[in-house]
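Two complexes, one shared chain (subunit A), two partners (subunit B, subunit C).
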Partner chain A sequence: MSANPMLSLTATNLVEIHDLVIGIQRTRKDRLLIVDSANFDIGRAEILGLVGESGSGKTMVCRSLIGTLKRRSASVFGGTVLFDGMDLTKLDEKGWKNVRGHRIGYVPQSALTGPNPVMTVGKQLAEAVRRNRKTKAPNVKKRVMELLDLVHIRRPEIVYSQYPSQLSGGMRQRVMIAAAIAQDPDIVVADEPTTGLDVTVQAGIMKLLKEIRSEFSMSVVLVSHDLALIDEVCDRIVVMHAGTCVEVGPVADVARRPMHPYTIALNRSRIDIAKPGEPLVTIKGNPPAVGDWPSGCRFNERCDWTQQDCTVGESPPLHSVGPGHLSACLHTDLLGESRG
Partner chain B sequence: MPVFTPTFWGSPVAEALIEAKDVSVTFGSGSRAVHAVKGVSLEIAAGEAVGIVGESGSGKSTLARILAGLQKPDTGEVLFEGQSIYERGKAYRGDKRRLVQMVFQDPYGSLNPRMTALSTVAEAVRVHGDKSEGDPKDVSLKLLARMGISERDGGKKPRQLSGGQRQRVSVARALSANPAVLLADEPTSAIDQSAQAQLLNLFRGLLNDGLSIALVSHDLGVIHYLTSRVYVMKDGVFVESGPTQQIFDHPREAYTQQLIASIPGRSLRQESA
Partner chain C sequence: MTLVNAGTADWFDLEGAPPPRMQAKRRKDGTLGLIVGIGMLIALLIMGLLVPMLSPYPADTSVGEPFLPPSGTFWFGTDGLGRDVFTRTFTAVYLDLGVALLGVLIPLTLGTIIGIGLAVTKSRAVNGIISTLIDAINAFPLLVLAIALIALLGPGLQSVIFALALTNWARYARLARTRAVVVNQQGYIEAAKTLGYSKSRTLFKHLVPNVSSETTAYGLSDMILVILLISGLSFLGLGAQPPTAEWGAMISEGRSQLQIAWWPVMFPGALLLWAGVAFSFIAEGISQRERDVKS
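Up next, the complex of A and B:
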């Protein structure tokens, strides 16, 4: 259940990210930009997939949603992150305490190192339940058991008093998800939640995220570099490349009729649709180094359709190419039939 | 005994190049003993790509380590061209050492952080390589170039390289020994999708050049793409084995069916099929 069930009836977006710029101030004059700039919305009770290579800035965008940029010595240099009408970029640490964990839950990448190794599962979840709230002890335990049950942990009474090291990777990640939803947040941010886990476990975790969305009308942001996974679980996709959003749209459109050369290239490198033995299409060259982006479209050095105007000026903004489908490519007309 | 069928890459194969016969490994003893591998037999022919799939804890990595001679089996034997890899208690003695090389899952953990990509590969070239081929540095540069690593990137240390580049440096180092078999333990699980495509293209080229590859993975997509035969492992034994396409089209065991059903993105694949 979201904090205010009435809100889920309204049509507005839960999160609106406008021109978000994130970077690291290295010296007084030297800034390293990591994200410049991100533009996308997150709907209520929507599963949004965030894809992109390492270094494309997807994790930084997530961190701006949970207010942990400072821990990577990064900060927001511009733009807004409107969460239910509140600008998250303006929050101080005190303000974050009422948002992080409470209204925005977070599932970290590494399930193996995420939980505190010297605290039992029960204690950790109790901590997550009690934060910001004065709940009486018997009710805390009741809620913890309820959470363990929600994330389908078998024999919760045993797991309650176990330490993370006694659990498998998949179970640990379920515990992390239980902690993320402990306070009935409006949205859960899951940053590559299944990296390093088995496919069968991954399938279970994805099923769980979908359940959480439909049962509690929570929004979910799923970060992954696995397009096949995003394709299966998400409603909409945001494709990030070199610190900017290059394509945004419903899964069906972005995965099947991609309108940006980078998305097209990503789609072609998918092994799940490749024929065994046939060469996989790879993207030319290496991704540009963080902050050291070429002028114009940042994909121009690796693109098959580069025109003269692609190499000059600012990174091109997103424009509409279909209902709810945005692309930052200046020459979507050239992409034509060679897409797919 | 698995039946050999023509590989995707050309002629039918017959003779096993490397073979494990009824190998078992147990870690610990008494009530805490873990039977990681229980009487498993497998063979790989020259130029063949074989997949070993299973979940964490199924024993697939231990099996790869047995083939690499890093883990001595408690019972059973490992044969290379019909001869035991163990002589006087040690695996792959002398110039046999180069025959089987391994690429590990975590390219960051398996490279020396203080050495550049070039010096990492050059060290392996000096140890294994043929002196007649010329200067180790030139040989290493050629190997790196083949892996798509430029001379400029060769001068970088692991932390300055991307995950995909690091993994390709690991492969270059493994190839510097001029091996007959490459054992790859989850080589693509820590890298991006586009880097994964690059690495798989490389592996395909190596297969065409006659190298044998054993690919250990829980990613059935990668196994399906690259290998011609597959062994499905669970709790230390093979539950199913056979030609990859056949196993994917008609999995007999419930466990295999479950693994295949878990591959993400099947909806789109079925749609486009």
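Up next, the complex of A and C:
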């Protein structure tokens, strides 16, 4: 249910992010860069996974999509975020009003504090529904019930008049998803939507996001540090490391035939494929401090294949390594034999 | 728009609403004290209404010999001026509670508004000046500041209310500011923004109710302190002036003859205690329920 079906015929990508630089202005001259730089697209009705460790800038990229960077006193220093032809980095508060909620939905990280504790679920969803001018007053309750049903909340008529404290964490997150899709946005950004939830509940939320995509052809951006969790749901994956995108590609390629040492390392350290009795594989060293990145490839200090040219110059740009598959590794040819 | 068939989704069985039995049990915990407290308060209010209406004696004039002990004619005895202690004690209910209510409501409203304002303001100067003022006021015991202000304003119940409004707001403001800063970080405030709600809607529908519920709970427990403070000030001769029937003033008048007659002091004191216990039950019950909702 795209807001503008005509556009979806002409343009393939809903969001195009070019050379996005995000940072914090600490003093007049001192800038701390958190993202430098991000490059990727989000297709229509696509589920895109955004993977990376803490401090890789994945949350900041999400926030630039919904315009809440200022809450963390960060701002965009360069690059563009084109959403349906509109540059989100140039929007003012007035412009954002027509985008937030209406066209871009957002599912916050903290499921437990997501819903307002002093309002009933029904009231909160009605508030979101009423913002959508398409829904007439008498239909608001009907629409709220429909939303609760959509996100698979059992007995919606009871939950409607309940307070968030009476709901489980999984149900609260479902309510937040219902609020995010209440205004029929073109895209839903879910920033680690399953943090703090049980594994079975996580699977349920993932399945729900997938259903929402196919039901309404909404795009979904799914942020996670857990490759195992999202590789079953996503169409494509963007791997972020130290503020830049190191690998972009279809999920089958990135998860099974990774072309960047960082992705390979992430894959090896997956807990779900660890062999019993053997020590867990971790990525050696520590991630570089935010903004204090080494020159050249920012992974060079932790990489098994580091060459001379990996440690000099700028962070290497993405280049094609297969159909729709991009990697920022300078020596993808070396990775071949030892991958596995 | 088609709805997803509920039959295809049996996996959500894991996270249904808690069974009704559990909900009922949780509610009972906070509610018992609340019911007792509200019952005690209502009983007090009814007596305060009925006694002055039905009593054969006026509150402010002599109706018999001084210091008559409690009897069938004078249930609580008479005081040093021969006034009926029973009538006077219950006549004081609405005065004491009314003044206390004003003494809480005014600072509560002022403090909540100022505290939230401080949390959302971008002006460092305003924030610094008012925060310092709040800290300065809070540095002194409430009673000392109130006495100093009443010394300026002259004794009387209006001065007591005024002094409370001028001093007690700082406590609420500090609480509201801290709470508002915390609430501002919560997911629902961010969610409100990302859903495209306007700033005023986010402020009044999401931030304010979450802050004011906290300050109101504090206000209820503050009622006890303020009732005691008002009686205390009247006891010191700074609040209600004789011959007004007020608990603190009555205790003050009777204290010199405590060896001859305990009743002019004991009965107002007992009602003061009753009111204090009622409010502490209510405050405890409400904050208990509040904790349940917030958890």
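We take it that the second predicted complex is superposed on the first by the 329 of 340 C-alpha atoms of A that agree within 3 Å, B and C clash if a C-alpha of one lies under 4 Å from a C-alpha of the other, contacts with A are read in each partner's own complex, and residues count from 1 in each chain.
Convention: a residue touches a chain if its C-beta (ideal position, glycine included) is under 8 Å from a C-beta of that chain, and two chains touch if they have at least 3 such contacts.
Since we're looking at a predicted model, the values are computed, not measured.
Student: Examine A:271 and indicate which partner it touches, taking first as subunit B and second as subunit C; both and neither are also allowed.
Tutor: So A:271 only meets subunit B here.
Student: Quick one: classify A:311 as touching subunit B (first), subunit C (second), both or neither.
Tutor: neither
Student: Under the stated touch criterion, which partner chain does A:203 make contact with: subunit B (first), subunit C (second), both, or neither?
Tutor: Both subunit B and subunit C are touched by A:203.
Student: For subunit A, which side has the bigger count of touched residues, subunit B or subunit C?
Tutor: C
Student: Does subunit B (first) or subunit C (second) touch A:116, or do both, or does neither?
Tutor: A:116 contacts subunit C only, not subunit B.
Student: State whether A:128 touches subunit B only (first), subunit C only (second), both chains, or neither.
Tutor: The answer is second: A:128 touches subunit C but not subunit B.
Student: For A:227, select first, second, both or neither according to whether it touches subunit B, subunit C, the two together, or no partner.
Tutor: In the superposition, A:227 contacts subunit B only.
Student: Touching A:155 in the superposition: subunit B (first), subunit C (second), both, neither?
Tutor: second
Student: Overlap of the subunit B and subunit C footprints on subunit A, residue-wise?
Tutor: Residues 168, 198, 200-201, 203, which sit in both footprints.
Student: Would you pull the subunit B residues touching subunit A in the complex into a rising list?
Tutor: Residues in contact with subunit A: 8-9, 55-56, 162-163, 165, 189-190, 192-198, 200-201, 204, 218-222, 224-226, 244-245, 258-259, 261-269, 272.
Student: Under the touch definition given earlier, write down the residues of subunit A that touch subunit B in their complex.
Tutor: On the subunit A side, the touching residues are 53-55, 168-169, 195-196, 198-203, 206, 225-229, 231-233, 255-256, 265-266, 269-274, 276-277, 279-283, 286-287.
Student: In their complex, what parts of subunit C are in touch with subunit A?
Tutor: The contact residues of subunit C facing subunit A are 1-4, 6, 9, 11-18, 23, 186-188, 190-198, 205-206, 209-210, 213, 292-295.
Student: Can you list the subunit A residues touching subunit C in their complex?
Tutor: 1, 66, 68, 71, 96-102, 105-106, 108-119, 127-128, 131, 146, 149-150, 152-155, 158-159, 162-163, 165-168, 170-171, 176, 179-180, 182-183, 198, 200-201, 203-204, 207, 211, 215-216
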